[in-house]
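For clarity, chains are labelled A, B, C and D in written order, and residue numbers in each chain start from 1.
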Amino acid sequence: MDPTDRETACFEAGVKFGALYHQFAGTPVSAKNADSLETAIEESIENQPGCSAVSVDIHTDKLETTRGYTELTGEYMDVTLRIEYADCIVHAEMEMEDGYPLMRVVDIVEE
Amino acid sequence: MDPTDRETACFEAGVKFGALYHQFAGTPVSAKNADSLETAIEESIENQPGCSAVSVDIHTDKLETTRGYTELTGEYMDVTLRIEYADCIVHAEMEMEDGYPLMRVVDIVEE
Amino acid sequence: MDPTDRETACFEAGVKFGALYHQFAGTPVSAKNADSLETAIEESIENQPGCSAVSVDIHTDKLETTRGYTELTGEYMDVTLRIEYADCIVHAEMEMEDGYPLMRVVDIVEE
Amino acid sequence: MDPTDRETACFEAGVKFGALYHQFAGTPVSAKNADSLETAIEESIENQPGCSAVSVDIHTDKLETTRGYTELTGEYMDVTLRIEYADCIVHAEMEMEDGYPLMRVVDIVEE
């Protein structure tokens, strides 16, 4: 059975999350470059089809800085994104839950 | 509005595709290591929740080999995956279409 | 035989180039996000030990934009970096040569 | 001043280490796929110019497996590689030291 527009919109939201996470996980990050990295992640993923808004918040206060920087993982950032496909708008987010970065669909709206 | 199980299953399928693509794009590949890379991609993504099967086919005949190897991109591989979430099974695939690697949901089944 | 300071400085320059390339290759890029991506690459790699300056120039005029964006590869950027280790300063660069992104040490200075 | 062959060989060793680390960091890994991932990392990096041997050892006993898998980082693997450039052979390795994955040149031999 073919996907509905809502299902396709959810699929697209998932693609963006997987892309975002695995493209940027491992990037060296500290308080010095957190701002520029947030912006670069947001703007690069917004290039992708149907991705109208991405917001990334890196928790600079949580970064392990014994060595001066650490590698970016889901532990250090919250992400929200908005996908538009056909008449559907999907809001999705990534947040820590029980020590694990959980990605999920928060809301689907049909216009 | 919360997602249905079908919609969540589609979201999860998208996450796996985005992860797979952006984790492994850029990996040095030639005819010599295509087999081991296919297996590693399949088995690593199968670790993820709800991902019951991944199949990767790297087109070794299409690899640009003037320099001995090239960097993996969607142009050089087809991927199919199977996601199970609640009572839903999603089949999704990535194939080239008009020179662009297109990821899409092929089928959703509720058991 | 142990490496000299000059040799260690060259090793460190290589580490930064390999890291930079394989961290960011595959990132969605267009004229819209080239600036923020350049800055993020520079500032993230400058976190690494001994890396005092990184300069990235993305060739927005060469980006394939039929689909609105493309994936970043060495074909689309020039990079220079400066490594300091002990009394040595290494300048290294990545530029296209014969259609291939060539990384090389340009100069080593002992102070 | 131009680099010597030994210095270029060290630079090349660094490039391979940076590439290896930032290409594969973040890959989902568990005891189930550690073997195939080791092989894929070794064979993909061996494609690169002058890289005659790569050995990757993933410490499956150290992997955090509460969720069934974790993301690969330097904490979970040792790597050795051998670079040949002109008459020089460089041995380099990555090992944990003080909780940090340290990459270094172990030996340089001129034939």
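Remarks
To be clear about the criterion, contacts are C-beta pairs under 8 Å (C-beta built on N, C-alpha and C of every residue); 3 or more make two chains touch, one makes a residue touch a chain.
Bear in mind that the values here come from a model prediction, so they are computed numbers and not experimental data.
The chain pair with more C-beta contacts between its two chains, of B-C and A-C, is A-C. Chain centres here are means of the Cα atoms, and by that rule the chain farthest away from subunit C is B. One finds 19 Å separating the Cα centroids of subunit C and subunit D.
Averaged C-alpha coordinates give centres for subunit B and subunit C that are 29 Å from one another. Centre-to-centre, using mean CA coordinates, subunit A is 25 Å away from subunit C. With touch defined as above, residues shared between interfaces to two or more other chains in subunit A number as follows: 19, 21-23, 26.
Chain contact summary for the complex, subunit C toward subunit A: residues 19, 23, 26-30, 32-33, 36-37, 39-41, 43-49, 68-69.
Contacts from subunit C toward subunit D in the complex involve residues 1-3, 6-8, 10-23, 92, 103-105, 107-109. Taken in their complex, subunit B has these residues touching subunit C: 21-22, 25-26, 67, 71, 73, 100.
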